[in-house]
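Below: one structure, written as structure tokens.
Chain lettering (A, B and C) follows the sequence in which the chains are written, and residue indices restart at 1 in each chain.
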Amino acid sequence: MNARIVHIASNTFREAVRDRVLYNLIAFALLLSGAAILVGQISIDIERLVVINLGLTAVSLFGVVIAIFIGIGLVSKEIEKRTLYTVLSRPVRRWEFIVGKFFGLAGTLAVNTFFMAIGVFGALLYVAHKFSAADATILVALYFIILEFLIICSLALLFSSFSTPLLSAVFAFALFVIGSFADDLRGFAALTHGVTRLLTMAAAYLVPNFSTLNVISAVAHQQPLGSQLVLHNTLYALFYSAMALSGAVLIFERRNLK
Amino acid sequence: MAAIEILGLEKTYKVGFWRKRPKRALLPLHLTVEEGEIFGFLGPNGAGKTTTLKMLMGLVFPTAGTARILGREWTDPEVKAQIGFLPEQPYFYDYLTAHELLDYYGQLSGVPARDRKHRINEVLARVGLTDIKGLQLRKFSKGMLQRVGIAQAILHDPKLVFFDEPMSGLDPLGRREVRDLMEQLKHEGKTVFFSTHILFDAEALCDRVAIIHQGELRGVGAVEELTASVQGKVEVVWQGTQVPSSIKALGAECHVTGDTVRAVLDEKQQDAAIDALRRERIRLIAITPLRTSLEAYFVEKLQRSETTASTVGTAVGTKA
Amino acid sequence: MTTAQRTTITASVCLVVSLTACVLLLRHLDQIRPKATIEDVLYISSPKVIHDASLGFDGLMACLYWTRTVQYFGHRHYNLEDSYNELAPLLEITTTLDPHMLPAYQFGASFLAPKPPGGAGQPDRAIRLMEYGIAHNPDDWQLYYNLAFVYYTELKDYKKASEIFDRGSRVPNAHPFMKVMAAQTAEHAGDYSTARMLWTATYQTSNQADIRQNAVEHLRAIKVDEDATNLQAAVARFGERTGHLPSSLSELAGVEHWPSIPVDPNGVRYKLSPEGRVLVENPDDFPFITKGVPPGYKAPPPRFHSQN
């Protein structure tokens, strides 16, 4: 592995942590424990359902917000504040910078998710009093959420390689929302004709497909998840991120830094 | 080997909503900087100094032209291991300490792990930053940040250093320290290329200077030559407030300041003036050959018309 | 080649390859997760919860759910499925989010009430849906039409249908034929002419392809049923007069002085079975027919024709 990329990644991680990003875990912990206790009191036979749905949805949403805001900051802020000048005056290639930032951000989110996962399982134990074998699928759901983060990070980097921080955040968030409805977009496309159909189909394929990575309700109902799905989702997330990062590299390599 | 060869680097920005209006930030620049010298890149604000530096650093892409740094293409990433750069008003990662920052930069510059710690301490001492362990950069003053900036530029012991306005944000003591540092770097055999609009520093430090204005090179040359005694004049200083009539007769310009008189005379009239003073028993204080200040040269170059300036500039500045 | 060029080429190749891979993977994922979509969508089948979750963007969510409904139905219909269990919840969610989404009520009338495989076979839910629509859109005569339609076609409650047509005709700006239908259903309830009027009205008042095609199929079926009835009556008359069955329809045609042997809506001649039944040549072409088919014939799931 390229040493410089590793250094950039670890520095990014350190930046994020020092920037108090991990404090979001406190908010998350409060939310989840509050919900778990509340639901445990009410006891309407859907405690497990609520904890898993709420927990995993919160992991997903918190993570996306962090990914977008820190991800955007990564490149845009560095350019604005000119910390980038002293980095790029060293034997660092621009593409190494992008890739290093990506791994740093992804790593931060993975660590964040790890702690959140502990919280989710803790809350689950509290309401259900024991784990069942089917709970292992929660790990798969968490893994898919991390795959979602990879895609979001790569998109955040793509946008910040050429756009202002605010616009980048807006674009990234918009793509997250649209991507969550990717299946519906394909449905829309199927109902149109001609050129519109072509364009809508193209858009439907280009938009990140988060519907396939969202298995929260299936996991909540303890439905099994096939290994084929895991494999294909993994490949999809990796290729999509690679695509967005390639775009980011191509743009960033050509950018004049004011 | 020339440390820096700028071969026609040029930058035109397209401004305006439809990007139609070209703004020429830098006209084609030809400049050479020799190894081991301190070279000053002078000009008023907005002259194109920072643009030139950014192009050399690969931060901005030239519209035309190339450059060679230490004998290699300026775009070669490996060349960056041997150069250091201090940008104007640097800003660093808020949440790191100076030690962590330098460690990070050291890693990126390829300084081996076993040397890093030692070098970091060395370089921090050199720029006068002590007792800052554990202090995050966001708490540093402007002057301290400037010193950190210099530290990171020389950390990996580069052969060639680029400073953009190195004195900005420093008090007079700090500026003196930086000047001393730059002298030391030269004594170590390094080449220093720095841009500034403070002529006093340039005059004190530089071997050669280039003057740039509105994106165009107006003059290049050794400081010695540029401030050479022009038109062989001398300045005679004596005590008192009287000007002997014989000296007046020589057509000297005289200024009385407090209890001293200063007179500017032609070199050839020097002896006649001294005799006149001795005759009148006036106490001579000093005789100094008059040198044009760099400032005068600077102002003159800035006022020259564009066409004549460029020809003069290249003629004076080119070396075989 | 400079490093910059190398980076550009590598990145470009990576971009193209990744893009292709993504598209292929998505198509493959579609195979792996065919049913996941709608089941996921309806995991929350409580309209109230969805309303709350929509954060005020009910209209948009309604549009979304409507699209899903149409797709759901079309998808299953195309695949010749014989159950539409999610259709009612989808329509209920859509109309809860947007009670004024009239196309949804039309759709419910056409496809919730009929028995599978033509529909969901839930006329009671269809009626509930129409009544909900009427409650929220009291000035829309078409909802009365839709409600009466369900009573007429599926529940065969002609009296009730007539009442509703009547109620609907009193709505300001109601189409004049509401009064006509009220009278028609009261007096000539089971007649083919009444049914024809109803289906023609449905065809003319809807902009949705599925509903129109469904109406076309019913009109074609009515024609076949009518023809078969008339032909069968002619065969009976022949039998009474001559004491035996006609050998073929051409013989019958000659006796009855028809210009030619009658043809079905596809232009194919009807035929006569040895037992004297009038039969249509290709019964599979006419979903919804009740006459002109051999005994023990089981209709396949309806497939809509695309032409008139």
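Observations, loosely collected:
One rule holds for everything that comes next: a contact is a pair of C-beta atoms (placed from the backbone, for glycine too) under 8 Å apart; a residue touches a chain by one contact, two chains touch by 3 or more.
Just so you know, these numbers come straight off a predicted model, no measurement behind them.
Considering the contact criterion stated above, the chains in touch with chain A and with chain C alike are B. Legend note: the chain whose CA centroid lies nearest the centroid of all displayed protein CA atoms is A. Using the mean of the Cα atoms as each chain's centre, the chain most removed from chain A is B.
Contact count check for A-B and B-C (C-beta pairs in contact): higher for A-B.
Per-chain Cα centroids separate chain A from chain C by 43 Å.
Measuring from the averaged C-alpha position of chain A to that of chain B gives a distance of 49 Å. Once the centre of each chain is set as its mean CA position, chain B and chain C turn out to be 85 Å apart. In chain C, the residues that reach two or more other chains under the touch definition are 3-4. Shared interface positions of chain A, i.e. residues touching 2 or more other chains, are given as 93. Among the residues of chain B, those touching two or more other chains are numbered 77. Of all residues in chain A, those touching chain C in their complex are 93-95, 181, 183-184, 187-188, 190-191, 205, 209, 211-212, 214, 217-218, 221, 226, 228-229, 232-233, 235-236, 239-240, 242-243, 245-247, 249-250, 253.
Interface residues of chain A, counted against chain B in their complex, comprise 3-4, 7-8, 11, 14-15, 18-19, 81-83, 85-93, 254, 256-258. Contact residues of chain C toward chain A in the complex are 3-4, 7-8, 11-12, 14-15, 17-19, 21-23, 25-26, 28-29, 32-33, 36-37, 40, 43, 64, 67-68, 70-71. Residues 75-77 of chain B touch chain C in their complex. Chain B meets chain A in the complex at residues 54, 57-61, 77-78, 80-81, 83-87, 89-96, 100, 104-105, 107-110, 149, 152, 162.
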